[in-house]
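Take a look at these structures.
Common to both upcoming complexes is chain A, partnered first by chain B, then by chain C.
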Partner chain A sequence: MTAAPGQPARSVLACGEVRTCLLPSVQALDARAAAQLLRLRADEHVRVSERPSMYALSPEILTGVDCRLPASNGTKVRGVGTVAARAVLTEGRLLQSTAYFSLPATGPDMRRPWGQYLVRPGLVEPFGKLPQQATADGVLRGAGRGELDLGMISEGLLAQLRRHALLDRRVPFKSSPTRLRWVARRVPAGERASLANFTVAEGGLRTMELRLPEGIPAASAAGLCEDLALHDWLLTTVQHMLDNNRIGAIDGPSVVEALHPVVVHLLHLWMPRAHVDPALSHLWDVLEDKPGFSRQWENLSRRIRDRLALQAVAMPHQALSTS
Partner chain B sequence: MTDTAFRETTAEPVTKSVPLAHLSLELGHLYMEDFEAGPKRLGEHFAEVRVWADAVRASAARRSKRPRISTCFLIDDYFTRFSTPAELIPMILKEAEKAGLVIDYLARESSCAVADRIELAESVMHRLVESPPPGTYGSRPPVSQTGWLPNGQRTPSTSRSALGAVKGWEPPQETAARNHSVFMDVELWSERDGKRLWSCPFLAAVWQLARLGLLRHLGEPVLVPKDWEGEDFPHDWDRLPPLTRLTDTKAAFSAYRTCTLMPNRFLAVEDAVRLILDQTDVDAGALRQVAERSAAEGMPVPAAVAQRATYVFYEEPGDSSEAEET
Partner chain C sequence: MLIFAASDKGGTGRSVTSANLAYHRALAGDDVCYLDFDFGSPTAAAVFDVADARQATEDRGLHAYLTGEVSEPARIDVWSETEHQVLRYPPPGCGRLVLMPGDVSGGEFATSDDNLRRCVDLLMTLYYEFDLVVVDLSAGRSYAVDMALEATAQPEMRDVTARWLVFHRWTRQHVAAAASLVFGKRGIVAGGADRGHDEAALRNSIRFVRAAVPDPESPLWSQVSPTQSAWMRKADGDLKQLASTHGIGYSQVLGSVPLEPVLQWREQLITDEDVLDSQIANEATWEALRQLSVRLTDDKYWEEA
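== the complex of A and B ==
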């Protein structure tokens, strides 16, 4: 029943929640500052990658839990273990935090010494048999009272980072954070990973279900979900800005003013699968096919550029020089 | 992220491995009071330690035909500074030799706090993951704020309930209790004049992690032993390396397991060390290396880190009550 230390015990389910928001800083951070922000532990590296886009990934920190697992049908199963949390900063501009854990099919009926949980980071063991379907549904629905709360853990990390002394806590424009809850069911190694569904719900909530072959770490699934959450946030935010500004209705320099932050801060961030595990990057194809994430982004960008071009043509020279 | 021609080293950090012996045997801890009691008492310590050291070697020989055992000794230069390396170290080595003991590695206690300008204690503090009492669903208990680490839930602070009635006393609860609790709360540090003073158990926990080969700083080994070139030892503790190799032993400082021989008055401190180790999330890369290599040598380590440390607590030699009164 016990796996060798350091070896992930065989899990049947991995679940997580990603929160995505704009970094509260007028300036985007460079690679050095990003590494400083995400240095959650003094003795561990922040992974920084500058190609094809600047991406910084924090070390993982653990939170100990001993509580009921989320369950859609009211089943009460106690789980004990650790939830891993990590943060990502993309292009020094978009901040994300993920809390995630894996679950084996069964666990012992009593609590082990704590040190034994710590050598299997990111694993929560159920007492007895795991009700897989109910737990998966419960995670997607969100934690009930007293249930393991991924949202609280990822939000806690995000809040801690937002308060960091490096940040001036001023945003260049208004936007809303999004949450993406995900569950990944384990399938035998050798099968292909697949995306079962991606749902855009209200209030900035998205849910996602995956099939993940054994042997692909849960951290890779977390990375894919962060990538999808980031691009979904971009679409949501830019679409919302265009709607809000009723771009068709306004005219003159105010168009430039309204679209300025999009051009300066967001247009260059679109880079699907840039830092996704190659074993999972094909899952993007599903969303490219329908609804067509990149298609929508191209359309939005084109609208912005067209509006700005029109404005430039229409604007008399003196107006340009005074604006 | 393999199978690609393009790589960025900053995106793929590695954890360097360290050489590992089978057993790290600690022959003693020296505090000022021991030093003040004179070389004779130190000699008596070593004579007692020798007996148990032989027993430990015999035990290690049951696991391996050619056990790799390194010995070490720790001198306190953190809580109190006394004497000088030039005066003290030759005396220790002489007394050890008289008892037939060889000290391979000598460490300064202050190096468990800071070694080679790396704040080891601070790094380990960031790695504490508290054992969650039942009902913990995602809040992070603020160990870094209180500076205390318990093995369960404390007695709730006496406060009036909403209706003003004073509630009766409620007992603390050990999380891993079997029928009854043995509740413990360990002070990890204190602050004076804005300076942090790490507690003895916390530094000893760092010391255990170092001996178990589980400490790294940005993937690099820490507390790497330096050879002493045989000249006189310095007159200032700060000029002595954090960890000095005194012999030409081939056995590495760090090991799969540790055994510590010490007087029984340290029992509470070492129990606290186990409490800390049991709630420390050690470097995953280092953990994996130790697990794989010990398994490959046919002596797999226990999964939980605290279980890798064993102790012999012996009766203090001589008239210790007299020594304590001085």
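== the complex of A and C ==
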């Protein structure tokens, strides 16, 4: 790349990883506390919006990298630049961190002074030509030893936030974090963004492939992926709770106890595309159509409400029979 | 809740019993994570029958994580990775059972600030995720024990319930050794107090588990001579006396696991199939393990003596 300093280099690939978890705090944070938590830098503000749902977005922090790029076929390509990371808190309850970067098709064969990388935040330049397919596959597969590890950067940020003094380090219920790895291939400006693939793997891993028109910033893709990851986490978590025999087989007051956290902390969080770039929000339609994210969520919440209703019906009956 | 499994000597059934407890809790619907902190001789992979999966995660285990070589330790989902015929079909509604293996090549190492930080991060992450986290610690006053004491003494872990199980076999040497591991001059209680633990609270979060306890009344010994039988009863009574003089008497014991032939030959999980169908294992063993697993979280058994 021979772009002059300050000029954004044309990227061909953007990749990232989002981690989603429950905030370790008994109370959900309000907007002010959320802004304090996400204040990763003194020189930039946290963006907080309260409509239609409370959403706080941290400023971006940069991590300088100089290491091998992930590659599925073992190709060794060194990359130098910066990886951007940011954190999001939704409704003061769900915490996410994303690490992401863009890659141009080619880069210079020698390392340049750091200043030149710093003026292109979130861009990692390959030494020579970028093996696009292998790198994209490598990112989705996960970094090997010595390769640029997005998971490590996003997990590091998440761990730092979870240690914050604002939090009481107590969770209202147990839940597993999820990670979503994504790659977005650049297509010419004017084409429509599209979702090529979304997979759910074991161990809380999800992968996604996008086509992203030039002109739409990688941060918008990161925002879309955060939104999808958040809703996927909700589905995964509530489904796991309902599958458990603690809820499936029991009856009586313990059902209320077991479902209580879902009702108090999770049911109101469902709000797809609330904070997604309008140029990308149509990508949600694909997932709504198949597998049908909202359909599944409605079904789950109906199940929960029905269980609780059944419980409520039984109660006065029991009270009468014992009097 | 965090459960640390410790023992003074090797061969006390610490790993195999704690793995069985994890298994029982998962069957009952808890999400359980089992951490193999037995640096130097990790055995959990064999107990859960996940040798192939372990091979695939070689060098990405807990040891590599704590020393900073990898960003996250490998996880093995036991239900889906096991080669065990019965474990592969867990009953519907059971919880997750995840193993974090140690590294075969990893030995003991001293606790530094960095790996202590990573240890606390890991324990907190798992505490947020799992109902029960079982940590199998290397035998003796090892670095693993030090690290567990040091980590749980950190201010961020103050609100986390951590309980200790100390496993010992039912012999004079083992009883004395277990008592000294806990109450000795360089024991867990003293070491914990040095690191900022409240001594009384730490003392009360420790219970003993007697493993491979021969029952003189068991049919196993029905063929022995009357003199042998009388001697066994006497020895058993003496041991009870000894245990109580060492301060690890009845009130400090969470439970005993009877001598189980299956476990004498092979470190493995005792499934209901082993007890009911093939009948190679004793029902008393299954029942003892189940009871013990319930008592882990039953506060009645953890009240101040």
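Just so it is clear, the second predicted complex is superposed on the first by the 306 of 323 C-alpha atoms of A that agree within 3 Å, B and C clash if a C-alpha of one lies under 4 Å from a C-alpha of the other, contacts with A are read in each partner's own complex, and residues count from 1 in each chain.
FYI, a contact is a pair of C-beta atoms (placed from the backbone, for glycine too) under 8 Å apart; a residue touches a chain by one contact, two chains touch by 3 or more.
Keep in mind that what you see is a predicted model, and the values were worked out from it rather than measured.
Participant: Record, for the superposition on chain A, whether partners chain B and chain C clash or fit.
Facilitator: fit
Participant: According to the stated criteria, A:N244 is in contact with first (chain B), second (chain C), both, or neither; which is it?
Facilitator: The answer is second: A:N244 touches chain C but not chain B.
Participant: Looking at A:D149 after the superposition, I want to know if it touches chain B, chain C, both of them or none. Which is it: first, second, both, neither?
Facilitator: both
Participant: Output check: A:R170 vs chain B and chain C. Expected answer is one of first, second, both, neither. What do you get?
Facilitator: second
Participant: So, does A:R303 touch the first partner chain B, the second partner chain C, both, or neither?
Facilitator: neither
Participant: Tell me the contact category for A:R141 with respect to chain B and chain C: first, second, both or neither.
Facilitator: After superposing on A, A:R141 lies clear of both chain B and chain C.
Participant: So, A:R211: does it touch chain B (first), chain C (second), both, or neither?
Facilitator: neither
Participant: Once the two complexes are aligned on chain A, which partner has more residues of chain A within touching range, chain B or chain C?
Facilitator: Of chain B and chain C, the partner in contact with more residues of chain A is B.
Participant: Touching A:A159 in the superposition: chain B (first), chain C (second), both, neither?
Facilitator: second
Participant: When the two complexes are placed on top of each other via chain A, what is the minimal CA separation of chain B and chain C in Å?
Facilitator: For chain B and chain C in the superposition, the minimum C-alpha gap reads 9 Å.
Participant: Where on chain A do chain B and chain C both make contact?
Facilitator: 149, 152, 156
Participant: Across the complex, what residues on chain A touch chain C?
Facilitator: So the residues of chain A touching chain C come out as 21-22, 24, 145, 149, 151-152, 155-156, 159, 162-163, 168-171, 174-177, 202-203, 243-246, 248-249.
Participant: Enumerate the contact residues on chain A facing chain B in the complex.
Facilitator: Going through chain A, the ones touching chain B are 2, 4-7, 40-45, 47-51, 55, 61-68, 78, 80, 82-83, 99, 111, 113-116, 118-119, 121, 143, 146-150, 152-153, 156, 277-278.
Participant: List the residues on chain B that touch chain A in their complex, please.
Facilitator: Those residues of chain B that touch chain A are 1, 3-4, 6, 8, 10-13, 118-119, 122-123, 126-127, 129-140, 175-176, 215-219, 277-284, 287-288, 291-292, 295, 300-301, 303-307.
Participant: Which residues of chain C touch chain A once you look at their complex with the stated criterion?
Facilitator: Chain C residues touching chain A: 29, 31, 69-72, 75, 77, 80, 91-96, 121, 124-125, 128-131, 156, 159-160.
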